[in-house]
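Worksheet: the structure to be examined is printed underneath.
Naming follows writing order (A, B, C, D and E), and every chain is counted from residue 1.
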Amino acid sequence: MASKKHRKSRLKKAGAAPGTLVYIGDIKTQQPAIHILEYGAESLHEKQLTQAELAHYQRPPSCKLWLNVYGLHETSLIAELGKCFGLHPLVMEDILNTNQRPKVESYGDYLYIVLHHVAYDSVSDQLQTEQISIILGRDYVLTFQERPTGCFEPVRERLRNGRVHIREAGTDYLAYALLDAAVDQYFSTLEKLGDECEELEEQLLHAPNNQHLLQLHKLKGQSMELRRSIWPLREAVNQLVRNDDKFFAVENVVFLRDVYDHTIHLIESLEAIRDQLGSMLDIYMSSISNRVNMEVRALTVVTMLFMPATLITGIFGMNFDSMPWLKNPNGFWWTLCVMAFVASSMGLLFWRRQWLSRH
Amino acid sequence: MASKKHRKSRLKKAGAAPGTLVYIGDIKTQQPAIHILEYGAESLHEKQLTQAELAHYQRPPSCKLWLNVYGLHETSLIAELGKCFGLHPLVMEDILNTNQRPKVESYGDYLYIVLHHVAYDSVSDQLQTEQISIILGRDYVLTFQERPTGCFEPVRERLRNGRVHIREAGTDYLAYALLDAAVDQYFSTLEKLGDECEELEEQLLHAPNNQHLLQLHKLKGQSMELRRSIWPLREAVNQLVRNDDKFFAVENVVFLRDVYDHTIHLIESLEAIRDQLGSMLDIYMSSISNRVNMEVRALTVVTMLFMPATLITGIFGMNFDSMPWLKNPNGFWWTLCVMAFVASSMGLLFWRRQWLSRH
Amino acid sequence: MASKKHRKSRLKKAGAAPGTLVYIGDIKTQQPAIHILEYGAESLHEKQLTQAELAHYQRPPSCKLWLNVYGLHETSLIAELGKCFGLHPLVMEDILNTNQRPKVESYGDYLYIVLHHVAYDSVSDQLQTEQISIILGRDYVLTFQERPTGCFEPVRERLRNGRVHIREAGTDYLAYALLDAAVDQYFSTLEKLGDECEELEEQLLHAPNNQHLLQLHKLKGQSMELRRSIWPLREAVNQLVRNDDKFFAVENVVFLRDVYDHTIHLIESLEAIRDQLGSMLDIYMSSISNRVNMEVRALTVVTMLFMPATLITGIFGMNFDSMPWLKNPNGFWWTLCVMAFVASSMGLLFWRRQWLSRH
Amino acid sequence: MASKKHRKSRLKKAGAAPGTLVYIGDIKTQQPAIHILEYGAESLHEKQLTQAELAHYQRPPSCKLWLNVYGLHETSLIAELGKCFGLHPLVMEDILNTNQRPKVESYGDYLYIVLHHVAYDSVSDQLQTEQISIILGRDYVLTFQERPTGCFEPVRERLRNGRVHIREAGTDYLAYALLDAAVDQYFSTLEKLGDECEELEEQLLHAPNNQHLLQLHKLKGQSMELRRSIWPLREAVNQLVRNDDKFFAVENVVFLRDVYDHTIHLIESLEAIRDQLGSMLDIYMSSISNRVNMEVRALTVVTMLFMPATLITGIFGMNFDSMPWLKNPNGFWWTLCVMAFVASSMGLLFWRRQWLSRH
Amino acid sequence: MASKKHRKSRLKKAGAAPGTLVYIGDIKTQQPAIHILEYGAESLHEKQLTQAELAHYQRPPSCKLWLNVYGLHETSLIAELGKCFGLHPLVMEDILNTNQRPKVESYGDYLYIVLHHVAYDSVSDQLQTEQISIILGRDYVLTFQERPTGCFEPVRERLRNGRVHIREAGTDYLAYALLDAAVDQYFSTLEKLGDECEELEEQLLHAPNNQHLLQLHKLKGQSMELRRSIWPLREAVNQLVRNDDKFFAVENVVFLRDVYDHTIHLIESLEAIRDQLGSMLDIYMSSISNRVNMEVRALTVVTMLFMPATLITGIFGMNFDSMPWLKNPNGFWWTLCVMAFVASSMGLLFWRRQWLSRH
């Protein structure tokens, strides 16, 4: 769980000086891959570099740069990039500490944005949260991801597609587009969570059992995990909308406001799911109580059906010298009939009072 | 459910550029219908146009315009209108994304207002939320609805009715009138919800059963859905009352304040219903516990009535050589009498202790 | 219930133009009664007018006026008064829509204050909320009530009682006095609610039954209804204390602060009652669980007392050829003694373990 | 309860003019006692006056005055003092209305502070809240208490103890010292509440019974009562710290901040107790459920131990002509052995499955 | 518990003058140890002094000083240091009152910071909270701890390690480093709490019993205790970030912001743990209900399996003269077969209906 990751990560570094670069997390990709995209209204160049090649890389003048890094376990790479772009030691530390909450921090020359990539792990059916760091400079954008997730692929496509607005606009618009893409991927996660929730509700309403409670517990945990990711996201986006440091052009703020709207949507959908889960717990609890009730009733019915008959057999089993009907050749059968009559009339009574129905 | 619609809708568009016009939702009307109302203090002209005719439409000078569109699945129509009135791409996108929360956004030249039309579907008895977009320009009002709902019909009537205030006042007053009409339609929905709630309470207090819990669950879900629509509505209306962008004349703000009062009423009524539902769940839960209690008591009573009699039959069924009363010709009958006496005196005891009453 | 009244009232008027005068509510008095009080430091004149006489009424110069109306079903009367004192159509509408929340609205020349008169209906034991409208002008005060409630009678007495401060002070002081009187009447309602609550608590602690739950439910509903009336009242009084529009003289604001203190008292008392009710529900729920426990225990005790005896009778009822004690002439009696001994020693055991006590 | 006192008190005065002096509460001391302390850096004079002597009292010039009154049922005394020090009628009213919440009100020339003296009544074990009024003028301090509580005694001692800071400092420092003493006395009350709470927890964890629930209910009520006293106290002290009216010298504000810290401590301790009480209710509820479980289990065990034996006796009690073992001289004993074996092996099974343990 | 310490501590001093130095708490170290660290960019001197030696200590000019005190029970030492560095009496009092909440107070010349050292006591497995006081002057830092905890050791190491940033930077950077170290130690405590919580969850899901509830209760109490320490910590750090008094250089504020981020992490992890604990209580409660259900079912099954067989033995135990099968030599065995058949077919039925499974 993300919270566990949080707690554990600081342990590795307790007492270390700030800016000490230690990668927190598993190594998720073989070798860090650096992807460079130089673009302007007219031109677009893409390059794949290794860490060694990066040292010799010369940035062409007067074009906008998007540098993306997959894989963060080579701390030397981050240090090199940091020196190159003048990043604060704490920013480099936070890029590697992949358990940050979504946040926005201004460092004068550039804006540091932390986002999450949240997805269901296809194997374990657990939520997996990875960190995406975006650094928005005046004419460059740096992005850092733990492994290739493809969540920025649509933006890359739009850049490649000839003369569109995103090519002409500044790097702030590119940062917006990346932000938008990162926010959009929550919807599919929420969609899956919501579907599981509704499926579970369907089952709970018809045949609740103990497994459903565990499932409910799991979904609740996941919804809380998402909550811990989405609420600070909203806060961060809101901060961008306020645009105190003027990193975004005035005409682009309206787009940020649109992203903000999406985060509000996310929160509302999530809270709706949480309401539903809470309501389902109530239903589960009362259905268990209901079942106890039915079990006791079943016991009562059994007892009531057999007890009179047993009493009758006891009566005719007594050893009195003079007892009626004992000499009667059909007495035995008559007695059985009486037992059957008593039992069936009681059964009829219960049926009428709807005691034998399921609720 | 609305929340489901929210989650699903973004999926269709994840990663698309902002301003991409895609209609989210079912097609609810055959062909988009455009209704134009040109009015001034003296004159009123109404026209029904198709999309083709709209291209040739010339707006007469110095009159106020209300253009209403039913049916949003023709994205080209929205694009055309957007170009004509200079709408921002994000506004056009939001008009078609019919899952917006009620909100107010200012775009300098015009105000974009999103409202909901909430009604019970007569067939499925489910709440249906549709989006109403209002664009208030300096001398025009545009309204967009998914299908003809008739909720603006009273306003249209008032415009047609000769020389009334609404004809003389500016388009801001018209926007207020539309807003007021849209807010008013919530009252009937709340009324229906409240009635169902009280009916259910009546039933719950007298004979609670499992079906009532599901009904409670359904009403709770609907109240939450309404809540998600009304709270942002209040927020939006409050924003209009603050009137930061001066779209409303000073003398009309008092009318907006009146609408704001209505939204407060809505919220209070809704919260009252939600309190009631919460209280009903408590009653349901404790009535189930109560019933378990009664069932166990019934079982106890049965056991206590039969056990002594059964013991007596056992006693006289023992095979001792010398036992009293066995030789007695009436011993059998005396024994039965004793059994009956024990059982009936116990029954009397229970009755006195009110164990046989229903609570 | 008030909330029901809220919801229903708007239905009558959906889509109507603002300022349409329709009286919401039952007719509670035969004919509207108009009571006029002209006063100054030296003089005091009281008059009872009918609607017809009102048309010819001439207000004497340089004296303060308090005009009180009982009964609001004659909309023409309100319209006439409105024209006379220059009231805004929305104010007149709100006076007749007797389901407003307590609020304060400034209309430049006058202040519009809505209050509630809350009382227990002596017949149905239900809370009844009626609306009191106060309009505070520079030299007049208008008050509107649905029926004569007598809640302003003490103020009227003070005015009649010769040269007291209230006669010399301005109409703002009169408005304060009326407000104070209206706030004071909540205390008796809270007192009754609190008394019922404590009585119920007493009963619940000693012999909880199902009726108490319904009573609890009723009290909870009433406390919520009061809450919906008192919280906006506090808000309204607070707004008066801020005195943004300078309707109150500086030396009188301290009196408003005193009224504000009273509303805080009201809220605290109410919240204390609500806490108590919540705590009582916990007690009720756990006492039901406790009772289930006791019932099951009773069942267990019965079973344990009879089962061994029944087993013994079964043992001596077996048909073995050679069984001990059967030939013994006192065997039967010895056996009965054994049974009695087993049962009584078990009873003793249970008594020692406090299983037979009530908790 | 305090809340009850609140509700009742206003009833006595409903509709009365503001400033009407009526003492709310029981008479708690025989005769009002007036204690005067004139002090400066060099000198200190103490006097005990009766109401009659007060009329002739001349205050010496250029010395600071602390006048303390015990017993408030003589309204004429308060009126006299009020006239003498120029108190506002509402202040006098509030001094006598001994159900005020802790609050601070500025009246220009003086500051009116209301505090509570909270203590356990040694007889009824109930919380008793009494009102302490402090009036801080430029060179005098007036204090009013319902009866001698001794909570200001330490301050008096410090004043008597020669040349200490409190003698040299202004009356604002004296007011701070009194405030500090009044806040300090909450700690002992909280201490007692906390001890009772922990004692109850100890008992609940080991042998919960019905009495504990009532005790829990009582402690909860008392914690709520304290809460209603402490939260407004914090608010009031905070207002003093802000020191908007400059009644406190700048160098003394740091002391007020210290008192504020104490009120925060009080609130935290109280909330910790409330959390604990809430948690205890959960434990109580689940321990009852647990006990129901154990009772049912006991019933099941009894039934299972006796039923097979009873069946066996039934089998050998049947009247078939040819049945095995009946002729066997030891058949009876063998049968008893079988019964004993079945019962004991079942008992063993239950014991192994830990069904006979207590949880 | 900390809250208990809070409540008790004030009792010792109720009514005392402010600034009275009394040590609250147990004596945790033999003799106070004073550790002095004089450092600059070039030099570093460490000294261990006793209280006697401190009197003769001469501080060298133009170097930064870090003075650390372990053990606070010698109030004279604190008084001496206070005089030496010009500390306010309330600060000295708070240093000795080791039950302060984390807070920051500015006294013009220096900043007084209270932090907590939270750790699990290895013996009692209880949380232990100790107070750390930091005083940040313009060129010195004083730290006070109840006993040597080693939590500042990493900072001391960094100071000793030649020419690093911390040696060159001002005392504000040292204070930051100490703050950072103090915040970091929470992570290991949270880690332990989280691990215990997850272990308990594992156990609860598989075999809940009464002990787990007590464990849950304990963990909940500990999480609340941590909460009462961490929330004010966040508040305090936030106050440092705002840096109203300019004690921190502008370039160091970004480091404080990083610490603030850590406190947010702490809060999120803690709240996640608390959510989990709340969810576990739900699971526990419903699993108990579930078990009651299973117990009742077991009882029902036993009753149903034995009752028909018992009835059959009763039937053939009746004393009718003419009964079928009695003469039949295999009648007894056939009857036993019928009993076995009835019982086993019922068992089969229950098995099919999954009544014998565990849920």
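Here is the rule we use: a residue touches a chain if its C-beta (ideal position, glycine included) is under 8 Å from a C-beta of that chain, and two chains touch if they have at least 3 such contacts.
Note that the structure is a prediction, hence the values are computed from the model and not measured.
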item: Touch-network distance, subunit C to subunit E, counted in steps; value: 2
item: Proportion of interface numbers common to subunit C and subunit D (over half same, under half different); value: different
item: Distance from subunit C to subunit B - Cα centre to Cα centre, in angstrom; value: 27
item: Centroid spacing, where centroids are CA-atom means, of subunit B and subunit E in whole angstrom; value: 44
item: Where subunit A touches two or more other chains, by residue; value: 285, 289, 292, 296, 299, 303, 310, 314, 317-319, 323
item: Overall pattern in which the protein chains touch one another (line/ring/star/complete/other); value: ring
item: Subunit A - residues contacting subunit E, complex; value: 1, 3-4, 6-8, 10-11, 13-18, 88, 90, 99-101, 103, 105, 107, 209-211, 213-214, 217, 220-221, 224, 228, 281, 284-285, 288-289, 291-292, 295-296, 298-299, 302-303, 306, 309-310, 313-314, 316-319, 323, 325-329, 331-332, 335-336
item: Subunit D-touching residues of subunit C, taken from the complex the two chains share; value: 153-155, 158, 164-166, 177, 180-181, 184-185, 187-188, 190-191, 194, 198, 205, 254-255, 257-258, 261-262, 264-265, 268-269, 272-273, 275-276, 279, 282-283, 285-287, 289-290, 292-293, 296-297, 299-300, 303-304, 307-308, 310-311, 314-315, 317-324, 359
